[in-house]
Amino acid sequence: MSSRIDVSIEHKHAPAPDGKRHPNTCPSCSSHYRDDELDSALWVCSQCGHHFPMRARARIAHLTDDGTFAEADADVRSEDPLDFFDLRPYSERLAEAELATGLGEAIVTGAATIGGHACELAVMDFAFMGGSMGSVVGEKFSRACDSAAERGAPLVSVSASGGARMQEGILALMQLPKTVCAIADLHDAGGSMISVLAHPTTGGVLASFASLGDVLLAEPGALMSFAGPRVVQQTTRERLPEDFGLAESNLRHGHVDAVVPRPELPDTIAKLLGLFGNAR
Amino acid sequence: MPGEAELRLRERLTKLRQMRLLGGANLQGELERLQRQLDRIAAEPTDEEIWRSVELARHQDRPYTLDYVHRLLDDWFELRGDRARADDAALVTGLGRIDGRTVALVGQQKGRDIKERTKRNFGMAYPEGYRKAMRVMELADRHGFPLVSLVDTPGAYPGVAAEQHGQGGAIAHSQATMARLGVPTVACVIGEGGSGGAIALAVADRVLMQENAIYSVISPEGCAAILWRDASQARRAAAAFKPDAPHCLELGVIDAIVPEPPAGAHVDHDEAARLLGESLREALDELEGIPGDELRRRRRAKFRALGVFV
Amino acid sequence: MSSRIDVSIEHKHAPAPDGKRHPNTCPSCSSHYRDDELDSALWVCSQCGHHFPMRARARIAHLTDDGTFAEADADVRSEDPLDFFDLRPYSERLAEAELATGLGEAIVTGAATIGGHACELAVMDFAFMGGSMGSVVGEKFSRACDSAAERGAPLVSVSASGGARMQEGILALMQLPKTVCAIADLHDAGGSMISVLAHPTTGGVLASFASLGDVLLAEPGALMSFAGPRVVQQTTRERLPEDFGLAESNLRHGHVDAVVPRPELPDTIAKLLGLFGNAR
Amino acid sequence: MPGEAELRLRERLTKLRQMRLLGGANLQGELERLQRQLDRIAAEPTDEEIWRSVELARHQDRPYTLDYVHRLLDDWFELRGDRARADDAALVTGLGRIDGRTVALVGQQKGRDIKERTKRNFGMAYPEGYRKAMRVMELADRHGFPLVSLVDTPGAYPGVAAEQHGQGGAIAHSQATMARLGVPTVACVIGEGGSGGAIALAVADRVLMQENAIYSVISPEGCAAILWRDASQARRAAAAFKPDAPHCLELGVIDAIVPEPPAGAHVDHDEAARLLGESLREALDELEGIPGDELRRRRRAKFRALGVFV
């Protein structure tokens, strides 16, 4: 059933347990890079243009004008409403993710300027439990909508998520309508939203806020699908197209406005902020 | 029963009463059913009870959307097509009357026999289905018809064409459409409330759930496949993420539980429909006369309050 | 170019000049009927169910409760703003059409009840210049919208048209936005509209008011296409599907709510009038 | 010139001035151009002049929508896709700035070379193109952006898939969307204004037309094929139904004629763009500050007044 896809991405993209594959090997052309090389290249392969996942703080540093980012709600943390236990308790997974990523949750929010234009930011981090959306992601995103509305600044979101966070059960599903309602309030207040879809944006995040920007930009090669390729394959036994669910396919099928290489994102977003900032 | 569990029970009962638990049941003359339900909810549902809900929610004799439509709505007229590409039979929409009042209805429809199941894709809609639903929601809004939504789907269809046609975006926009409506909206999960495919139709002023329905972010099999790489661990998964009605009520995700006949909705469609009809009527009555702006404000505030964090 | 289709239907469906084909031969099963036989059968072939074109007055008699129809604007007549002359002057064609049909124009409007429910009617007649839409069709339809809004009664339209009326040039095209704006005013006034599409509803009428009903009903076998089959064939050289543009194909593709056999139309419309008549 | 013709001319000139003829031209310093235009309109356009418009409107070097976009809009950002099935390249949409003010733009785009023509389907949009336009119109409405629409199409595409995807309904709904907008809307026919495919984008507060554009209910070839069963009689057909700008102005179908460089827009794209830009600015200025309800009311009243009857 399709619902299973919401979290499968997290596991698919995690490094194999035995660590065979070096995390900085380009999956597209097999070039090898040190962290610092990739970091200075915005985590884009200089050989083939493959976009590696980019961590939230690096993303923010890249997108925003130096020193303008003021983080909000950094101290909001998940609870474990279901006492969820699979191989380990959910609370243990959370603590581990925080230790591993240095982030309290899979989203970082706050105010900044981009190319001199004020905006509110909501940037996801796939490294935190596969960017899955639980109560905290929903809450922080919603507060970012409110803050954008209050400040009269557009909201810029960057999504990277395997979908809803299974460990919070039905409450994770409720983050879909929660973020949708927050955007509805933002729109009613005359606000606007630019949504950037990074690899991967799937499941519940694609099926909620990431799809509701006034403008949708995708990074090259980003998977944007509701159901993951594996689930589609297993459910339908169809042969999948080569570019199934990728940004380029989504552009062709009318679901995003542009595929924008990472180095061009700050200028593109700045231009859009300018356009949305001067309505009557 | 140990003291701590009793305390928890009492707390929950208080909470449930505040939340208009069993709002669907007419308290006069329904005390017996109420008692039975209270008994059921009194104890933390066991893993077995949760699994029984999963089985009943998917029972092949369980009433489907059209079984209720034909019992509850007068002058039913089905509205078909997304006005763009297709008419998705997995999701039915239409107009009808409840107590003389015109309502618009949307809901997934599974099939009873193999032929109908194929035609209706087992209740798994394509984006075309959700776009049809949005069209009918907007029609309801334009004409002031309350919207009733019956949720019963394993999930939105996961296929190549469905993805190409924008399944994720369609689910997002369907929710956004519901968030904008200025008419009363009542949703009820009548079987499987499967993930995004379910919430697309459930951003409502009142969200009800039948006693043996399930509502979940993932299917038990899907969850098990991920956690234990073994879909047969579905029962264990269900116990972990608790998709049953009492837990959904406890978490504030639904507003009330709709009673079913003692052995389950599948044994007595007429009685199940009567009970559902009472709940729908009560919910519609409560919402009648509230201005559109206020409905929207409360609806959004309700969903924006969902979540547990510190 | 696609624009040519607007009027081609008129010629396609006119009887051949030499009169070879008896007009009351069923084109589907070749059964023969006298006028009175067809009339009593609602112009539906009793052998195969083929729906013959139905004249506007017969249509109104069939749909409405006896004696309730009060015609409006019967005296509005076309002008000839372009002094249009092809094989004959437009004004001559108009006079001829009026003589042949007993109608002043290709649409009849007025108030009536159907199954006891008050409604406003706008019924087209294909026999009047192929049901083409010129200034008078646009004006009478628009007035019917206003009348429906004033009376608080739904509007029921029955379309049968080859499209815009070439002889009125660009003013014929303007009847599209004119009728669209009239429906917008009707909707803003809380009104509703039920659109019945009879054979054929093509070109400018399909591309304007006929598609804008709250509910769309089509008669079996009715052609509903923007471009006619011949134009599509000539332009694209594609092989057309068997049921190209027919009501049944349109139902499958999501463009109408139901295909309703003519004998069932009065009850179906009455039910819909009841549903739309009791909103809050 | 005979007395009757002169009288007719004077009447027409009076009418044209009332209708803000050449509203696009800045009267100061534009007298020469104005005089040339008046001279042209002075005489009833001859059949040859009408046919010249048909030829110029379709001239392969005539500026297309994107030629104007790149000259007139700052910070152009193309918006793509209907969010359902496709991105139709025959119809471009986007945002940009005119004098610092953000506007949304929609318009058909023919192709310059054979490759681009194929990609853009010769400016003949599918329903997907019109659905993209509607999406962008609604975006403009939500954010208070004025809408500029540039019309240049032989017509909506007449193909099997286009019909299956609802070409007629898409054109109807696009008009209905424009009738609902609460923002200023300006349309200009910049080449071929072909039938339903054109009016789908032209239900605007101000409808302009370039000097050598045509606007018609049917193509000359289509008309000829029907009337004389002979497409080569196109010139005769054009003379009969008069798709030229002066006649459209006389009939009240457009609000003003936008001047072109003396030999036509195709010889000087920059000057053509400058002149179009002036007209668009003037129209936008006139509409600025009028409340949405009032814009809607006037827009609908204008289109509802079109037609000639007794």
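Descriptive notes on the structure:
Just so it is clear, A, B, C and D label the chains in written order, and each chain counts residues from 1 on its own.
Here is the rule we use: contacts are C-beta pairs under 8 Å (C-beta built on N, C-alpha and C of every residue); 3 or more make two chains touch, one makes a residue touch a chain.
Treat the numbers as computed from the prediction; the structure is a model and nothing was measured.
Between chain A and chain C, the least number of touch steps comes to 2. One finds 29 Å separating the Cα centroids of chain A and chain B.
Here the CA centre of chain B is 49 Å from the CA centre of chain D. Chain A and chain D have Cα centroids separated by 42 Å.
Those residues of chain D in touch with two or more other chains are numbered 83-85, 164-166, 169, 173. Residue numbers of chain C whose C-beta contacts span two or more other chains: 253-255.
Chains that are in contact with each other form these pairs: A-B, A-D, B-C, B-D, C-D. Within the complex formed with chain D, the chain B residues making contact are 83-85, 127, 131, 164-166, 169-170, 173. Those residues of chain D lying in contact with chain C across their complex are 124, 154-160, 162-169, 171-173, 175-176, 179-180, 194-200, 202-203, 215-219, 221-223, 225-228, 240-243, 247-248, 251, 253, 299-300, 303-304, 306-310. Chain C meets chain B in the complex at residues 187, 190, 192, 214-215, 251-258, 268, 271-272, 274-276, 278-280.
Of all residues in chain D, those touching chain A in their complex are 75, 77-87, 95-97, 100-102, 128, 132, 139, 142-145, 288. For chain C in complex with chain D, the touching residues are 1-8, 11, 76-79, 81-82, 84-87, 134-136, 138-139, 142, 164-178, 180-185, 202-204, 206-212, 224-227, 231-232, 235-236, 238, 240-241, 244-245, 249, 253-255.
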